[in-house]
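Got a structure for you, questions after.
A, B and C are the chain letters, set down in written order, and residue numbers restart from 1 in every chain.
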Amino acid sequence: MATVDTAATEAAAPQRRRLVARPSTWVVWALVAAFFIFLIGILVSVLVDSFGRRWFGGWLPEEFTADWYAEAWDRFNMTHVIGVTVGVGVTVVVISVLIGVPAAYLLARRNFPGKQLITLLFLLPIIIPPITYGIPLATVMYNVGLGRTLVAVVLVNLVPSVPFVIMTMTPFIEQINPSIESAARMCGARMKDVFLRILGPLLVPGILAAAILVLVRTVGMFELTFLVSGPPTDTLVVAIYRAMTAAGGGEARSLISAMAVVYTVTMLIILIVALRFVNPTQLVARVPETRDD
Amino acid sequence: MATTPHAFETLKLTGLGRSFGGHAALAGLDLTIRAGEFIALLGPSGCGKSTALNCLAGLLPLTHGTITMDEKRIDTLSPEQRGFGMVFQNYALFPHMSVERNIAFGLQMRKVSRSETKRRVTEAIALVKLEAHAKKLPGQLSGGQQQRVAIARAIVLEPSLVLMDEPLSNLDAKLRLDMRTEIRRLHQSLGLTTIYVTHDQEEALSMADRLVVLREGRVQQVGTPEELHTAPVNWHVADFMGYRNLLDVTVTESGAEGVLVSNEDLHIRGTAVGGVTPGGAARLAIRPEDLRIASSEDTGDGLIVAEVAVVEYHGREFSVGATAKSGTTLYVRSELAPQPGDKVRLRVDPARALVFAADLDAAGEPVAQTALAGEAAT
Amino acid sequence: MSARSTAGLRHRLAERGIDRGLLMLLPAVAFTVALFIYPFLYGIGLTVQPTAGMQEKWGGGIWANYIAFFSDPFVFDSVWITLRLALPAALFNVLAAIPVAFKLRGKFRGKRLLTTLLVLPITLGTVLTAQGLLIFAGRQGWLNTFLVQIGVLNEPAQFVNNYLGVFLSLVISGFPFSFLLISSYLSGIDPSLEAAATTLGASWFQRFRRIILPLLAPGLATTFILTFVLAFSVFPSARLVGDPTGSTRVMALMAYRSFGEQIDYPMASTIAIMMGVVELIVIAIVMLWRTTLYRGSTGGKG
């Protein structure tokens, strides 16, 4: 990566950039390097631990084994937990897209009295800490008898997901020229046709990006799920947390590592699928890719 | 393509108006459109011409007035029920559909049979000369080609009325001229009734049968290109029609052979247009091509003395900007190129020097009171 | 407006933007009201229905929970503990991300790989990060082993089960997020502005200080708020890699303790609501500062 070109600032200089970098460059690379050392260290040490036996100090465990995975499956019913995790994730994605996209369309296209209030209403669940509304929400869930059910897990996860879909889709819809819709209507298309034949296909990339983000967030969502789920309805993160904090000092470290690896692999599969469709920068903000110089 | 059967005889707009939360973007538009006409709505940006077009299309609900087509009220119909075609400024092509599928879209919406759709799409593509690009996506076409697709998409439906919203303003100058001819050719060969919105007076004059000049939501004048060119009804229209020299003057005398007007720089005879009274404030309008540099033998009355400031080469002629005593710049056409700093004397034919009332109301009618002296426009 | 309005009530409402199309908003609004606003109000209601035990212990009738919150140092200190953790972490994430985003803008080979790698921790989640930190940075972990072997440390240092552990976990999950956000804000600034400043004789630092930073500042404020929100609601890592009885006894933990362990829903709601209040105060301060900044086009495509 020595050919980094910061040339937006030095576009005038035609020659290759000097490899003798300024101190600021060193600081930046040191930061990035430190970050990656931690990141890779964390990932690899969990991976090694999950296959290791008797790892006390030293660089590597004394023995390697795949037993921890077998034990995780035996003790924690991992197939069921993964099933719950993926099932909850997909359900939340489908519902939040169905509810969120029409609302995003309206916010992007129309002006009406109270629009700012509605926008604030959708913004609040994103900025307020999950615990703050999660605890009263969980109390309500237990009161109406939904505690520890899958329905409750899905419902609490929808609370931040629906606004999230609205907030990511609104700018996406705004960038589609409204006269394309007008043109379709002038061609004789009814509103239903406009949505199915014109907007639908144009919105697919945005919906995919939003859906993937919601899936990643839901699978990774600890706080809300934890408040309403019970052992049979735990998602993977919650199951790991329970194993780590179980009374009596928690389960064997390597067993938890094995579960964590399963979690990471699940996430990676989602991520790899996701990155086939969307650019990582678009995951957090819908700003077009840097222009070509 | 077969000649379009006209779906109507006359389309009548009565008192058309649209306001946005109290602000009237368009008010009191009355117009009767006959089948086969090419009408241009002309005006500066924000004058309400696009609002008028969108109301006609049904994309914006009306707040005032009615639209009737041969005695049938259509302003309550939704856009897709009116059966009009529309061409947009930014083309508004469906980016995910090929040229063919863009053009076929409207026919599919109208449940036209597959073979008929195919035949008509092929015809429309041939009409706009895009045979080589039928399978391409809009993103792969140039601006001019995209606009041709948009036109084909609108006319393939054989609409009773084609609405065009500044269709050429995103194209470069040369392409604009070509497309202008193209649209005119299509209009003449297909006999399509067309309403064309533009801010370019030259475009409107060269294409339309009749022009409607709008300003701040109100109609200023309706007329043929010639009427508008030679006889604008007020100085707003004159300003827009290329009367580049607009000077504030006082009327000193008014008689049978015109009025005498004067200010610091000049004392000349002109032709009064509507409500000008002696002693009142008025606005003198002269086209640059009607103002000439007088020869040295010319020693009569009514000469304006000025000093040449800017000379631009315009092909066969020079455009000269000359500063008069008060500092006002006068624009003149000249076959010879004077030098900046030269003193020149300018002359205008009194018949071509139009004198308008200075103060106008929203509809462009003169205001009796001469109160708003500071309202001098651009 | 001389003509009588021919429009009926429907048209007049349509002029103001009210028509049947608004029904598309209904599911989302109904949903948010039912699952967010209602429980939230219910939670606020709960705070003034303290349990008998709380009333007995703290007095004050229906306000017993609030009295407990403000006067029980064990509970109230968690406000400062949370802020001491979340504010520096958010600040670090934003400040560290600025130079990195600045260096890495523009196109270069491997950029997509690098950004992809940076997105990874967002998907790791706090629980896995915690487990990894415990192993990697624990007393017998690779980090300590390495530092001892090269002689930087004499004996293994304590990186986890304390404030530092939680801080590290917040940086690992928050830094990529703020990097990506700032990168996208940066790409929204028209490069020709900087080129213009260069032609006017501005140095590298002047360009950054006088052109980029003012245009970037509103984006930085937003980024700070979002990373702060992430850090503020830290819960699993505070429990797992922190010192949950001491320096990382954050508000979320206290709220959960009341909810899950003491089964005192009213007190749990009180702490949860107060947590929201504290967070909104910090956000309001940042927003207030943000309104003093330049707001408008940054000239780019953003």
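Please note the rule applied: contacts are C-beta pairs under 8 Å (C-beta built on N, C-alpha and C of every residue); 3 or more make two chains touch, one makes a residue touch a chain.
Everything numeric here is computed off the predicted structure, so don't read it as measured data.
Peer 1: In terms of C-beta pairs in contact, which of A-C and A-B ranks higher?
Peer 2: A-C
Peer 1: Let me spell it out: compute each chain's centre from its C-alpha atoms, then which one is farthest from chain A's centre?
Peer 2: Using the mean of the C-alpha atoms as each chain's centre, the farthest one from chain A is B.
Peer 1: How many angstrom lie between the CA centroids of chain B and chain C, rounded to a whole number?
Peer 2: Centres of chain B and chain C (C-alpha means) sit 54 Å apart.
Peer 1: Using mean CA coordinates as chain centres, what's the chain A-chain C distance in Å?
Peer 2: Roughly 15 Å, centre to centre.
Peer 1: Which whole number of Å gives the spacing of the CA centres of chain A and chain B?
Peer 2: Centres of chain A and chain B (C-alpha means) sit 53 Å apart.
Peer 1: Which residues of chain C are in contact with two or more other chains?
Peer 2: 16
Peer 1: What residues on chain C touch chain A, complex-wise?
Peer 2: Residues 16-18, 21-22, 24-25, 27-29, 31-33, 35-40, 42-44, 46, 96, 99-100, 102-110, 112, 114-137, 140-143, 145, 168, 171-172, 175, 177, 180-181, 183-185, 187-188, 191, 194-195, 198, 204, 207, 225, 229, 232-233, 235-236, 239-240, 251-252, 255-256, 259-260, 265, 268-269, 272-273, 275-276, 279-280, 283, 300-302 of chain C touch chain A in their complex.
Peer 1: What part of chain A is in contact with chain C in the complex they form?
Peer 2: 1, 3-9, 11-12, 24-25, 27-28, 31-32, 35-36, 38-39, 41-43, 45-46, 49, 55-59, 98-100, 102-103, 105-107, 110-113, 118, 121-122, 124-125, 127-140, 155-156, 158-159, 162-163, 166, 216, 219-220, 222-223, 227, 237, 240-241, 244-245, 253, 256-257, 260, 263-264, 267-268, 270-271, 275, 279-281, 283-285, 287-293
Peer 1: Enumerate the contact residues on chain B facing chain A in the complex.
Peer 2: 54, 57-59, 78-80, 83-86, 88-90, 92-96, 105-106, 109-110, 150, 153-154, 157, 163
Peer 1: So in the complex, the part of chain A that touches chain B is made up of which residues?
Peer 2: Its residues touching chain B are 177, 179-180, 182-190, 193, 197-198, 201-202.
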